[in-house]
Every structure is written in structure tokens, then in C-alpha cells.
């Protein structure tokens, strides 16, 4: 007799035990009934110590080496949640080991390396290799997409999207991000991806960006900013513009508007923590989600469930790995515009015409 | 060696496979990692047929008898999600069989029977027996409670609460509800419970209610209405007032306001399906959750997880069974006021002074 | 040659220089181009002193006697904004003097007297005598009415309406109101009027009300409350329910919902001062209008302009004086229910069956 | 004896009887008690005919020549509401004639001419000459400014502002605007002005803009677009970014956000016509103001009243004429960036370094 579906579980390992890695473990344990977590790894001693204690009763083996972890017997999939500089290499190694991979965005800080990952994945079509653009799993972004598909706003031609994080007084996260490609690669990449999500297949024509440092002077020598605004003009009369910030006082404020010829769709224009509103002598107020996780926890659960389901059922992954390449190219161009003050153009094939990546 | 916590599961059976019963099974399967569903039961042939097909690969035994189901080997807990007339008897049988029980509200359509359930549960303190007032598990209602506890609005003295359902054109649900005690017992009971949640221990002083039939003339002979408004005055200068409806055009519209001496807390004053808003030539609009489940799915998952956790850890249940008794008494009084047109008074001990339940 | 329409002005006197009287003068001076204010009166020495100074350059004669003021040469209309106890007598005297009258609500604290005013006005159809139900001049309430007339919500059958004022710490206003008939006559009268506005010609069937004193213990001996909740059941299956408060912490919070068979119209569910919203570390907030005037200033200007225009053009007044009678009857019944704890019934002609006004 | 202040009136003429001119006449007649309109002018035969009929009983002389109109005996002030190409010359002639002038924005389509107007006005300090940036008179923008001044959001460093008009299917307005300098001079000028309003004295460092034609192909040969997005980087780490559109489906959607180091102020993020919201089977919706006038009618009345008051009381005008110069410079640079695809830089004195206006 076949085992009960309640007992069929994909065995997953989570690489990286930073803030997000820990959360992915929790999601997999609590909200993905078809998964079991059998291993995790980190290279950070404090994370390792924390994990050995935390997971000791949960049947989760804690490794201090990614390469050893992926040897774990019975392992079927890896969730790569490490720092961006090893995303690509870890994904490649896992694929070569025959594992399914969910790799957090961005694939790489290097365009060539990112392309290589895609190439190798494409050579292993039996494996599920998926890019972790979590917003595409959010119910609201999907509903917005569905409404656009149903012609609620006509033909979309403007996307405004912002990713604004609560200020991190320690500055830790900001410095970390600067090393991951800077504002437009690490943070704006989600907004760029959303413009592609809503516009479909579009090719950039020109970009420009400016930024400022409102709270973190140490970013200056890291060639980054903590607030940036950028425009992407696409061939075909479509425009996306973005605002990214690490320094909001009120919480995680991520919103997107899509303007079409017959209307406009707005996602989360005024963020709120929950359904509670309070009236007091100072006015009427509500709380805001403090961070990305609070806004997108359900999306991460959906992402994890869909990834596990496509392994179980051998169906295509919901997000192709290639998706990340175009976003990455645009993100790099915006970051270059930010640093040089120049606008960066592309030809109709999407080849960069200006700046140091021109003709690469 | 102890088994991995990933493998420790409370074995639960779900009684009743109506709309809600099926959902509880799904919640337990997908969102309660420490539970496994081992049995279900129904007396409806179509539900049984559906269940035998749906659950056949899931290791879930389908019974056509509640009494047989609770004999299932290894069973530890029952979720009673049947019609109200058998809530009490099924809960009692399960307790006597040594099972933990989560019983949907209301405990009974009969006050004496409801008291008996509480009595028996109290004699079995080793068992977890819990009332299913799902709103108390909703994050927003809890946040509102926390803010009130933190003195955000001073001393609360007015509660306005409404439970308005999307119109059910078939009329099925409405007739069903009429048999479950009518508008103020079946539907308003949640709002009554919320007034107790926010006011604390209060004793009713007088109630009055009126109603109207907007869509379902067949309710007349069932002594019920499809829209009702009621007031409960509590001893000590506190007032709750309620609006319940089965006939909303726009969706499930459940909101609560608590007015205090220094402010007001509002929960879900304008319902919305998700974070999407659309601007079109007709104006700016958003969708509304179609029903209770869409609004409270997370609350049901929290309820299920907390119930399972208190069995696993042998901790007190979050909601005492007694809670339901006072709500039930007030619900019956409102229903009587609705039918007789008279206001119903209570003395300071909460004993009813008017109407057919007076001096009972 | 006829004079320029810029120079044609109706000459008006304002009776009463309390908070509202002063505002009406300002409205007439600044926002009613076809009016000039030629006289005002008060019996309060401090108001008289204030007015003599304030209006000395404005061509406005200040009287300490209403009777003398209405003798003022060339006077065409009076705006009666005195305390309720003299509304009726002053209106009658003005009519008898051949003046047009805008009389603030309520017409009287005595039903018989109110009827007499209506009678006398009806005998002088050449004069414009209008009831001051200011909300009927508010653009939003009118738009709501228009949408209902356009069948946006089907047949309306429930009205929820609240009038909640910012707390007045001095207690002055509250004591004043108690003398004007109490919570349901002075304050709820607007909400009652709105239920008639949206339902059309309806007859009360039964009412009940309760109240509490949250801030002003001195109201006890004045037989009033500072927070009250009431229900009016109308013949024909229509229900209105009200909440009135003098003690809100956050400002003037006046909202109305009309539920129909196909939808719901909401007016001002979440009050806001203006279009400004602020996001700060404590959350996202906006200010609330502090009082009635801030919410309804435009409505008062519309009211004044329409009243003046109907004098100029000899057209019917927008609000018949009779309108106030039914509201008054219901207001008194609610107030009696509040004080006695009894529900008050009416027969199908609207004759009161219970309480001290029964069979009057 | 001095005349009553009710009879003291500034005599004003309105130049231009297009959509806005007519509205200004109405505002002056109905909402500015200290003004009388004694003359108007237009060169459009249909407007003249309309005016001669409309104003015949109002003591308003209708001229077909601006130069003749300003000879009108007793005239004290002119409201210049003609097309942009004559704003400057008409303002200059009026000043030379000794008249006070309220001139609609922008002062000119030519920078040098605009400067000349300012110069001449400065030589006539006894006359009130004011720029018509109507948003600065809007209660919400002023409240936002006041809150920022009160340190509600710390130091402002980002302004996002949009001016989105309801689509004009006739295309008339769009072609008209193209002749008035194009998208960023005619329409975005208000948003640019708001960035100066909230940032204070700032100097542009670089700008870029892109645009698209969504509905009006005829704009191509007029070198304009019907949707444009632009960024202005100011010296000192401040950034403004703008979206202007002529093609919104839902109405007039004008909003502004100011981000500071400690918070964010939002003005009108979700536009609404009034306080009415409707719930129907399709969802919950509200209407949007169809156009600028509906959103800013009160601001225009405030502007008119303040202009008249500063003539009456000989006080400084609330908005200095110079204000328009910097906005105009930035608007032209954005328009040039739009047309050339190049970013335009400025030095720290605000002198343009790139493009055809460089070193002018």
C-alpha cells in the first residue's frame, strides 16, 4: 500500500542561517506539510551554536560546510539562502549533485556567473531550479496581475514601485547590502522584476538614477546610498520608476502602481500591520509592518509550497531562473548611473551602449 | 532516542464534513505541523462519498457514525464541527471516552445542556476541552485587546460589533441558521463574545432587539430574520450594540469598534480582500472577502495550532468552555426580544427577569 | 436700469451670538454674496460686548432684544440661532412680522409648540420658513441620496448613524444640551432626520434606548447621559440605529451607513481633517476635524445660499418645516425609553402607545 | 462715517474667459466678499458672446481687448488667466498702468521674459503682483508644510509628486498644453514648485526625464508626450521625482509625498470626490474628482481672498513672483531632457551646464 500523503515529505536542506535562513526553516517546518527539513548549514560560529541548540530535537543535522551538507543522505532539495557572493557557486554545485534548488535573488553579483548558472540549470531539466523572487508569490501582486490580464486597466505602460525598509540603526544590513551589489541590485531588483512581471517581455532603452545618503555616511566609501530613485525607459513606450530606501521611520513600505490606458492598479499604497485602527486625541492611526517578513510571510510560504509541489509532481517551476538575468542587467545599469551621474542607454536588443559594461 | 519533533503528531478526528468541517481538515493537514488527521465522520451520504474519494490517499478513515469514529485506535482529540443540536452530546461522549475536544460555538441550543457540558469538562481537567470562538484567535482582535490592555483608549464602555454575511441566494444557510437558534444565537454570538472579550466580566442588565426580513421570506415561519439589530446594556454603564445580516451584497463585512474614555479601537471597519486597489473610470475600488473563511482562515489555523499545542504540552486551553455560557444566555435573550418585541431585563446576578426564561 | 446682481442683497439678521450664531454671521458675510447682515441680537452681556466691537465697522446693528431687532428697518429675513426654548416663539413672532425665517433644529422642546409653528408658517406661504437640518445640505449626504435614488444599493432598509462629538472638558456644552431635550432630542435628532431622509416617509413602530455617563456625572441629575445608543424600528421592516456621544477623544466623528437590498452606502466612515497623512515611527496617522463646524462648514454655506436664493427667486424652501416634527417625536420617544428603560411602541399612524406621551 | 466693510470692494477684472477664467469670475462673485468684478475680456468670439449674455445683469463690462479693459475706470486689479504666451506682456502692461496683478503660472514660456516681469514688478513695490501657484493655497499642502515645520518628519530629502489629469478625449487640452511649454513646463510646474515649497531654497544639480504617448499621437509632432516621468537631483542630497499624465481613466489624481529623516508626509495619496463610499457586489468603491477644479476650488477661493486682502490691507503678497523663475528653469530642463534623452546638469549656482540652454 502506498504511504499516506500525510507521510510523503520532500527532504530539504537550508543553506545559510541568517535572518532569512532561519525563517525559511520555520516556514518549511510549520507551513509546508509536504516538506521535512533534514539539514542546515552556516559558516558563522554564532549561527551554528544557535542552530545546534534550536534544532536538536527536530531531526535537523547542522553542518558548518555547505559541501558536506549537500552530501547528506536522502537529501532532495536545497534552499540557498546564503550571501549573494556564493549563490551561484552553491547553486551550481547542488545541481551537479542532482539536487533541486531554490536560490534566493539575485543569482549573482556577476552577470557572466549568473548566465552560467542558468546554462547549467537548463542542461538539467529534470531538476527543479527556481529563482526566489518572493513577490511573485504574493496574493496581492498575483491578483493585480490577474486583473490586468482581465483587462481591468487596458494596456499597462507605467510602473511605479518602491521598496522602502524600516531604518536599521545598526547599519549592519546597509553595509551588507552595499556588498551585494548596492541599492539597485540588492533592493530595487524586486521592483525591476515587478516591472517585468507586469509589462511582460520588455527591453530597456535607457536608465538613470540618483541617490542620497540620509543616515549612513559609511555608505559613501562603499559606493552606495541609502535612498535612491531611478527610471527605466523600455523600448515600446513603457516606463518604470523606482524609489528604494533603507531609512524609513514607519516600517516596511513596499508598494506598486501599474498605470494602463484604461485604469490603474495599486498594491499596498498605504501599508498597515493588520486590521486595527486607533482613534485617539492625536488623531486616527494604524501600525505598519516592521519589515519584509511581516509583509511577505505568506508569500514565502506559498513559494515554498509551490517549489515542493513541483518537485513532488514533476511540474515546471513557477519562476524560471532566467527571469533573474534581465533584472540583474537593469539593476547594474541603474547602479552605474547612480555612481557616474550618466544616463545609460541600450539598443533594441538590450545591449548596453554606455558606461563600463557597454558592449560586454 | 526521542523521535524528531517533526515526527510528533497529535492524532485528530474531525466530526462533520460540511463547509467548515472540510476546511478544518485542510487546515490541520496544511498548517498544523504537529497534527495528523486520522479520521472524519458525517451522516450525509454525499459528504461521505466526497470524503472517501478525497481522503483516500491521505490515511484518513471515513466513518458514517460519530460513535464509531471516536473508537478509532490511537485517537487523541476530536474537532466537533457538526450541527449545533449535537455539539453538546458529541462533546460529552468524547470527554467520557478520554478525548480532548475542540467544540465549535455555540455549545448548545439549550442552556441546561450547555451547562452540563461545562460541568463534565470541569470534572476531567486532564482533558483539553475548548470552545471554538475563532475570533479570539484573530491577530487583529488580539492586537486590539493588547492595545486596550496598554491603555490606548482608557476604560472601554461601548462596543459596536457586526457580523454581516454575503447574501446566500440559495437560502440554505439561512434556514440552517434558523434551526441553530436564530440570528442572535447562531450569528451574533461572536459579537456578544467580543463584547465580553473587551469588557471583561460583565453582567447583562437589559437587552432589546429588532429585525427584518430583506431577502428570505421563508424565515418568517422559522421565527427568524435575515437582518437584526440589538442592544445589550451591561451593569456598570457599559453598552454593546450589534448588527447581524445574512444579506450583504458586497461580501463578508465583520467589524468591531470599542469606545473608551480616551479613544476608540476599530477592527476592520472597511473590509478588503487583499492589498489591491483599482482605479477605473467608475472610481476607485477594492474587492471584499466573500466569506467568513477568507477573513478568518489565519485565525482558524492559530486556533488549531494552539489547541494542538496545549495537548502536546499539557497547558491550559486558551479559551475556557465556560465562556460560551454567558454569550449563549445573552443571545437567547436578544432572540426572545426580537420575537416578542419586549425588552428583557436581568438582575445584578445576571438572572433574567422578563420573558419565558425568567427565573429559570 | 436694474441694479447689478452684484449689488442685490437680502437683508438678514442673526438671532443669538453663541458659537453657532457668530459662525452664521461669518458665513453670511463671506460666503453668501446675495446677503447682507444688518442686525444681530443676544441677551448675553459678554456676547453683546464682543459683537459691538467685532461688528462696528461692518454696518451691523447689535441689539439686546430680539423683539427690537426684528423691527429693524428693511429687514427681510431672520436666522434663529438662539437656544431651543425660544426657537418656536421667535420664529412665530418673525413670521407674524412678515419676515422669512431659517430656524435651527429642533423647532421646540415641546411637541405642541412645534406643531403650532408649522401651522402658522403654512398660513403664510409667501414667507420662506425653513428648518435648519444642516446635514441635508452636505454634499456627501446628498451624493449618497442621489446614488440611492439611482438604485446603487437597491431598497434601503437599515440606517446606522452616529453623532459623536469631541469631549468638552468644561462640561458647558453638555449641560446646555441636557436643557435642550437631552441626548436624543438635541444631538441624535440629526441622525433621526437622516433615517427619514434615506427611508422616505416612514412611521415609527417601536424604539428603545440606553445610555451611560462616561465623563460628566453632573448629567445624572439633569436626566441625561453623555453616550447613548438607540434603535428605531419603522413600520414596513425598516430599522435605524444610532450612537450619540459627547465624549470622543479624537474629534468630531459623524458617520452614516445605509444598507439596501443590493448594497450599502457609507458616509464618512473614517473621519479626517484634510488630505494629509503622516507616517512616523509610531505608525501612520491623520488628524480628525475637531468639531461639527469643521465637518459641515460647507453645508452651512450651502444652506445659507439656498435659503437666500429661495427668498430672492421666490421658490420653495429646500427643507419643509414639517420635517422637524417627526424627528422630534422619535427623539422624545428615544429619550423617554432611555430614562424609563421601557421600549416605546407606536401604532401604524405613528401614535405613541406607551409611556407618558401615549395617546397625546 | 466710513462705509461698512460689507460695502468695501476691490474692483477686479479677469483677463481670459477660458475654462479657468470663467471659474475665477465665479469665485470672485461668490466667495470673495471684498471683491467686485467690473470687467472681463477675451479675444474668442464664442467666449465673448457667452460672457455678454451671462454677465449682463451683473454689472460686468465685457471687452474684446485686454488693453481697453485695463483702461476701465476705477479698476484696481487684474487676474491674468489668458494663455501662457501673453501672461508676461499682459502683466507688464497692467503694472505699468498701476494695477495690482494676479498672474497664473507659468509667468512665461521664455525665461528672459519671465525675468523681465519680475524686475518690473520689483520696481513697483506699491503694487501687489503675485504668482498663481494655487496649490500653495490648498489647506492640505499648507498643513503638510506646517507639520514639516513642526518637525513631524525630521529633515525632508525626497519629494514625490504627481499631477495626473483625467483623459481628455477631445485632445484639445493636450494640444493646448503642448504649446504652453509641454508636459514638464505646463503641468509638472506645480510639482516642481511643491518640491521647492517643501525643500526651501534648493539649487538643481541634474535632471532627467522620459515620456510616452499613450493616447494622443498628435503630440509627437508637437514635441510633447501625454505621460512623463522625471527626476530632479538638488545640490545637498535632496531628490524630487515626478509623474505627470494627461490620460488617467479615473479622474484627477494629484498627490505628493515628502520623505524626511524621521517620517513621511502624504497629501491625497488616494483621491476621492467626497465622503461617500459604496459597497456593492463588485466591491467597495468611491468616486474621484474629475478635474483640477474639483480638487482645488477651495484653494482658488483662498488665493483670491488672500490676494484681495493684501491689496486692501497693503500687506505683502503671500507668493512672491520670483518663485516662478526657478520652477520654470527646472521645467525647461526636464522638457529638454525628455526631448534629447540626455541628463542635464547644473553647477552649484544653478547655471545649466548641458543642452541648448547651457551657459545662457
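Read from first to last, the chains carry the letters A, B, C and D; within each, the first residue is number 1.
By our rule, a residue touches a chain if its C-beta (ideal position, glycine included) is under 8 Å from a C-beta of that chain, and two chains touch if they have at least 3 such contacts.
No experiment lies behind these values; they were computed from the predicted model shown.
Undergrad: With contacts defined as at the top, give the pair, A-C or A-D, that has more of them.
TA: A-D
Undergrad: In terms of residue numbering, is the interface formed by chain B and chain C classified as same (over half shared) or different (under half shared)?
TA: Since more than half of the residue numbers are used by both chains, the interface counts as same.
Undergrad: If contact pairs are compared by residue number, which of B-D, A-B or B-C agrees with C-D in over half of them?
TA: A-B
Undergrad: Approximately how many whole Å separate the CA-defined centres of chain A and chain C?
TA: Whole-Å distance between the two chain centres: 57.
Undergrad: Hey, how far is the Cα centre of chain A from the one of chain D, in Å?
TA: 42
Undergrad: On chain A, where are the residues touching two or more other chains?
TA: Residues 153, 248-250, 253, 262-264, 266, 269-270, 277, 279-281, 287 of chain A each touch two or more of the other chains.
Undergrad: Among line, ring, star, complete and other, which best matches the way these chains touch?
TA: Graph shape here is complete: every pair of chains touches.
Undergrad: Quick one: which bits of chain C touch chain A in the complex? Just the residue numbers, please.
TA: 248-251, 253, 270-273, 277, 279-288
Undergrad: Any idea which chain C residues touch chain B in the complex?
TA: Going through chain C, the ones touching chain B are 153-154, 157-158, 160, 206, 208, 210-215, 227, 229-231, 233, 237-239, 241, 243, 245, 247-250, 253, 259-264, 266, 269-270, 341-343, 345.
Undergrad: Taking the touch rule as given, give the residues of chain D at its contact with chain C in the complex, in rising order.
TA: 2-7, 29-31, 33, 36-37, 57-60, 139-140, 143-144, 147, 152-153, 262-269, 273-281, 287
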